[in-house]
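Both of the next two complexes hold subunit A, though its partner changes from subunit B to subunit C.
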Partner chain A sequence: MSEQALSRRTVDIRSLLARHGALIALLVLVAGNMALTPHFLSWQTMSVNLTQVTTIIIVAVGMTLVIATGGIDLSVGALMAIAGAFAPLIFEGKLFPVPSVLAGVGIAFVLPVLIAGLCGWFNGYLITHFRIQPMIATLVLFTAGRGVAQVMTNGNLQAFRMPAFQVIGLGKVFGVPVQVILMILIVWAAAWTMRRTRFGREVLAVGGNQRAARLAGVPVDHTIRRVYIISGLCSGIAGLIVISINSSADANVVGLGSEFDAIAAVTVGGTRLSGGVASMTGTVIGALIIQIVRYMLLANGVPDSAAMVVKAGLIILAVALQTQGQRA
Partner chain B sequence: MRQGLSARTLVVFGRYGVVFALVLLFAFGALRYDNFLGVFNLLTFLRYNSMFALVGLGMAFTIMTGGIDLSVGAVVALGSVVSAMASPYGLWAGLLAGVAAGLVVGVINGLVIVRLNIMPFIATLALMLAARGTALLFAGNQSVPVSYDSGFMSIGTDDLFGFPIPAWIALGAYAAGSVLLNFTSFGRIVLAIGGNEDATRLMGLPADRVKFLVYVLSGVLAGIAGVILAAQFGAGQPIEGNGWELFAISAVVVGGTLLTGGEGSVGTTLAGVLLLGLIFNILNFENGLGWISLSAYWQSVIRGLFLLGVVVLQAKLAAQGRTRTA
Partner chain C sequence: MSESAPLLSMRGITKRFGGNPALAGASFEVRPGEVHALVGQNGAGKSTLIKVLTGYYRRDAGEVSFLGQPFQAASPKEAQAAGISTIHQEINLVGYRSVTENICLGREIRRFGLLDWRRMHAVAEQLLARFNVAIDVRQPLHVYPIATQQMVAIARAVGFSARLVIMDEPTSSLTDREIDVLFGVIRQLKQEGVAVVFVSHKLDELYAVCDRVTVMRDGRTVRVARMDELPKLELVATMLGRDAGSVVRQGATGFGEKNAGATRALLVTTDLAAPPAVQQVTLRVGAGEIVGLAGLLGSGRTETARILFGADAAASGKIMLRDKEFAPREPRDAIRAGIGYCTEDRKIEGIVPDMSVRENMTLALLPALTRSGVVDEEKQRRVVEGFIARLGIRCTNLEQPIRQLSGGNQQKVLVARWLCMDPKLLILDEPTRGIDVGAKADIQALIRELARHGLGVLMISSEVEEIVEGSDRAYVMRDGRTVAELSGDGLEEHGVLAVMAHGTDGANGEVADV
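This part shows the complex of A and B:
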């Protein structure tokens, strides 16, 4: 009897680690940094860390939904580049005449994001209509998408100064960066959708068991197309933020490697790649962990290249802990 | 409606379509451009694409087991850096160093996947970061010049019997890979794992050992590609190889290997690599003719469209196969 209780308790600790391991790790990291890294809790440090992690989190929100359906989206970085290439072309009136600067900026906020969403729809169409595996289907736009952005801009860097547009990357409301507010809104909306709406449950059903979901009357194909559209829209927004911060759009660089950063954040946050689970808070925590570890290493004089190796170890550790917890 | 196409033709087309396409594209190039069949063009083409061929071969084996290796591009970079650092001690030292780098990453990949039971996608994604970081660390964030007088560069730039040495290496690797896949128990277990891993294990076959070895193989081949890269371009390049993993996956898929594993061919993988490389070559010639002027950026657009065409075609063939058997 007591033995049983004991074994149950160890199991509890294991599953606790598996379920809340990411949060615990984040708290330990923050505490450790408060002790070790000078000025860690300063407003400036927080602001630097938050602005650096915003775009990853926004992309990772869409990626969490995609992964929850058991899919993957490798095209997000390329879609960021496409949105980033379109926006300056639009507000500088190079694509079509714009009536006024402000109208141009307004269109530049909306149209590139919609184009990225359309690309997301295309991913979903390939997956649902032709039954192509998500990884290969999104590999098409991963390859061609950045190429389209490069062809559109001839591979040139488009430098610009457009304060009205750059609000999205440089503006602040009551001292809080606009992009951080945007990120919080997106995360909140996604978390609410997953918890409170029919669509959220359908996403999990599709990821849990696609065939069963289909038999139960879940509009599987429709749901899948929608998550890829959402992922595209998120990537588009992230692309606009990146070019605003940089005051330039470089199709060769914008969003490069973002797909892997986002996937890393999602997995460290506890969303399984096999689908059926989605944890928005987990994804945010995962992205924050990766960011804080990187910052901690940089602030203590460790080069960025060594930080990459640490990040790799972190991903493996997090996922290994989760698989252990699942087995228990 | 489509009864005219027999099931047999469909199978043949599905498997060897890439070879037909390669022959067609090659014939197109030969007829349209004057110097296309010139020795210089052909040898340069082979010399350069042998690196992609090596990476693609390793990728094909991992995909046949139902896995994937995302670390290959970073391993190429690491291999090139390490071999450039060892190049003053001669050709063999450089080659060994590059192979060792690939071996180490491959062994870690294999251990993480087999022992920790982590999905190949995540494991090799992490190792991609680690290998890239190590390459940058070793190289001090800049390219590492190779020694010009130790004879190291001959592995990338010299010919043997009128044929580039890198192409010989790739050819040897594909011959060995083909034997390994088709005539050994290792090859059969590779396909068995991809078909049904649990069943393979229940049959008492050493699934874990074979899976482990597949990632070691992929790492070593990528390491050799790194050595060739350093020798060909005279420097170890820590930021090179970005996106090679996805190029290799495209080549394998274009070559008709299913991403779900359990099926695949070494020869058509080579055809897939050559086909994607040939697109770039023909684009260069087309620009040379002066009718059109497509920047190098079109290359990725065209490759993407090509990949799209192939996977849609494969999906349609697969769907037809399903309705036929149903």
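This part shows the complex of A and C:
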């Protein structure tokens, strides 16, 4: 049994790796860390990792939809900064008078997210109306967005203490952090949307073959604008979580490099950059891998800058595995 | 030539994908300097056999010998180096680079480490001269017509060293005149002792140019014969695995009886224009009528269809749909009005490759399957299963990605995409191009049946036979104008060809001015 049976087995392993490579990598990482990194399974470590990965996942959910249409959104980090800059201005009544603290907090939850969504719409508008390539179109807000956030806050760090607002970053329900619950809801809703709704199919059709989709009556431009709006909304929510955890909003720092983390999570999770495929579970796994790698390096004394190189390596590995899977 | 030792011999070739055998002990033999037809329905194993030969796939079992030596190519590049070249259906060239660059791509001639342009231009000219093509090789490729580009592709593939050239449906995008030129090239190659494997679905072409034929079915080689000893009918019967008698009764196409009676007008266009491709199109399609749209490549047929479907805008003219003015801005508008459009190019404008058969088939139907945004999957499944049974679509299950299906089955899914929304008017652009005889007959029979139930059909086809046998009436387009309307006895092959060639003044009295 030959060569034939043997060669078939290698093919099977290869396609298995391509399909479940991310999950296997995650399990290997967890096992490796249990052996190497002290206190890896402690409640505290887990909770630190979970808290940090939440924002990556939320941003990556929107990014998965964008990438599924064959696009990319570089502005997510800047939109996080915009949402983060607006929220304290609102609940501290600096932007417009608020009737009460509670009302201010309520508006501070909603309005910044909507503004980020509006920015997402602007991305989509540039792409569909002027036919600008997504990477260039979103580069506009990648640059200008953070600038807007800095201008609004005069470049100052806004420190605050507002427990009612900071529930979103620090609160817990039955011991589970609020942002984790929020993240699970968002992931679940996105996965459900992709699987069950017409919009989900239209996203995949646009990414899979845009010309065929248009000729089958799919509202292509509308669909593209919607995924960028969703990506904007996700970024807005993530921005609020970050400033709540930090008890401060710094337009220079909030969401810095998030676009990279999100794209890395999506790619490592098995969603092709060329579009037509979306895996929410994959994206979650991808984000967890990136988080654990970063934590592992940090806990073992490797500086954050070196960790970035490792992250880049991960993306290359993920893309290489995907191409393998396609060929097999 | 006929008794010489084989140039290529493949024996007992087996190839499985997952558990399914694509090739089950197939054999194939080519002699030096012969033109050998390789035929079979889609899914018979022709492409797999060729891909095994050219190193794209690795065979599971079997022996190959080439030039008397055991042969195993690890990659298409290796096969090419060994003397086996392949010319694909699509031209894989770089339009914006010069002809020379396209020919010499990957095997540039260098001098002192720099590109030796003078010699490369000379080589390119020399290669093209072999095929009687004299063009300025310094110009970018895209300025030349498709036929010339095809010649460049052939020159590139054949190079100076090919002993065996495989042509995979080389004629599907060529006009008749360009095909003649291609045949000239094939004869030229043959004279130089180069063997050609010719894969095509067009029987007339096979008989025009091939010496021998190998027929494949279900992954096996079922017949090898000299072309002149195998009548057309028997060849078709062998491909389908039926006896010759049943093929006769079906006729050459699957359309059957025609609709003779006048019908209520469904679609009427008056002086429709979108220059430069569409100049003046006036036509009428009745309910329950199959109307053919004939014409040479580039006569504006597809462009007309795209306007009717809202994919492109009309510059002037009027469209009336069921007695109401109709001006679609997007395909969506046309779909809502009950029009379906099956495009000419399955890969580029038809399938969404990674999506399942189920999702592909119901893509246009989605709005009707959706309640407040959520797809009714139960209903979707019923629709898809119904059409898979009705059209005899071969797939492992509804969730199989459509890219894994054969061309004929992909086309059936795409036809079903429109039929499932129960259209009033169906525009079919080359509905049977590049698909096997069986699927072709299935699709043609289905079109006729639907027309009997009141569907209006506008059918674009480059095969005159399909227009003549399949349509109740036909328009012929020439240079963006509908120049003639043919019906009844006037709708016959000679008449259509005459109009295509000469315009209105061509044939006898039955050709009416529009």
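As a working rule, the second predicted complex is superposed on the first by the 319 of 328 C-alpha atoms of A that agree within 3 Å, B and C clash if a C-alpha of one lies under 4 Å from a C-alpha of the other, contacts with A are read in each partner's own complex, and residues count from 1 in each chain.
Throughout what follows, a contact is a pair of C-beta atoms (placed from the backbone, for glycine too) under 8 Å apart; a residue touches a chain by one contact, two chains touch by 3 or more.
No experiment lies behind these values; they were computed from the predicted model shown.
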{"item": "If touched residues of subunit A are counted for subunit B and for subunit C, the larger one", "value": "B"}
{"item": "Subunit B versus subunit C as contact partner of A:197, first or second or both or neither", "value": "second"}
{"item": "Subunit B versus subunit C as contact partner of A:309, first or second or both or neither", "value": "first"}
{"item": "First (subunit B), second (subunit C), both or neither touched by A:20", "value": "neither"}
{"item": "Touched partner set for A:264, first subunit B, second subunit C, both or neither", "value": "first"}
{"item": "Complex contact set, residues of subunit B against subunit A", "value": "68, 70, 112, 116-119, 121-123, 125-130, 132-137, 141, 242, 246, 249-250, 253, 259-260, 295, 297-305, 307-308, 311-312, 315-316, 318-319"}
{"item": "Subunit A residues within the subunit B interface of the complex", "value": "72, 74, 126, 130-133, 135-137, 139-148, 150-151, 154-155, 256, 260, 263-264, 267, 273-274, 303-309, 311-313, 315-316, 319-320, 323"}
{"item": "Sites on subunit C touched by subunit A in the complex", "value": "58, 60-61, 309, 311, 330-332, 335-336, 341, 343, 348-355, 359, 363-364, 366-367, 369-370, 373-375, 377, 417"}
{"item": "Contacting residues of subunit A [partner subunit C, same complex]", "value": "4, 7, 196-199, 201-202, 204-205, 208-209, 211-219, 276-277"}
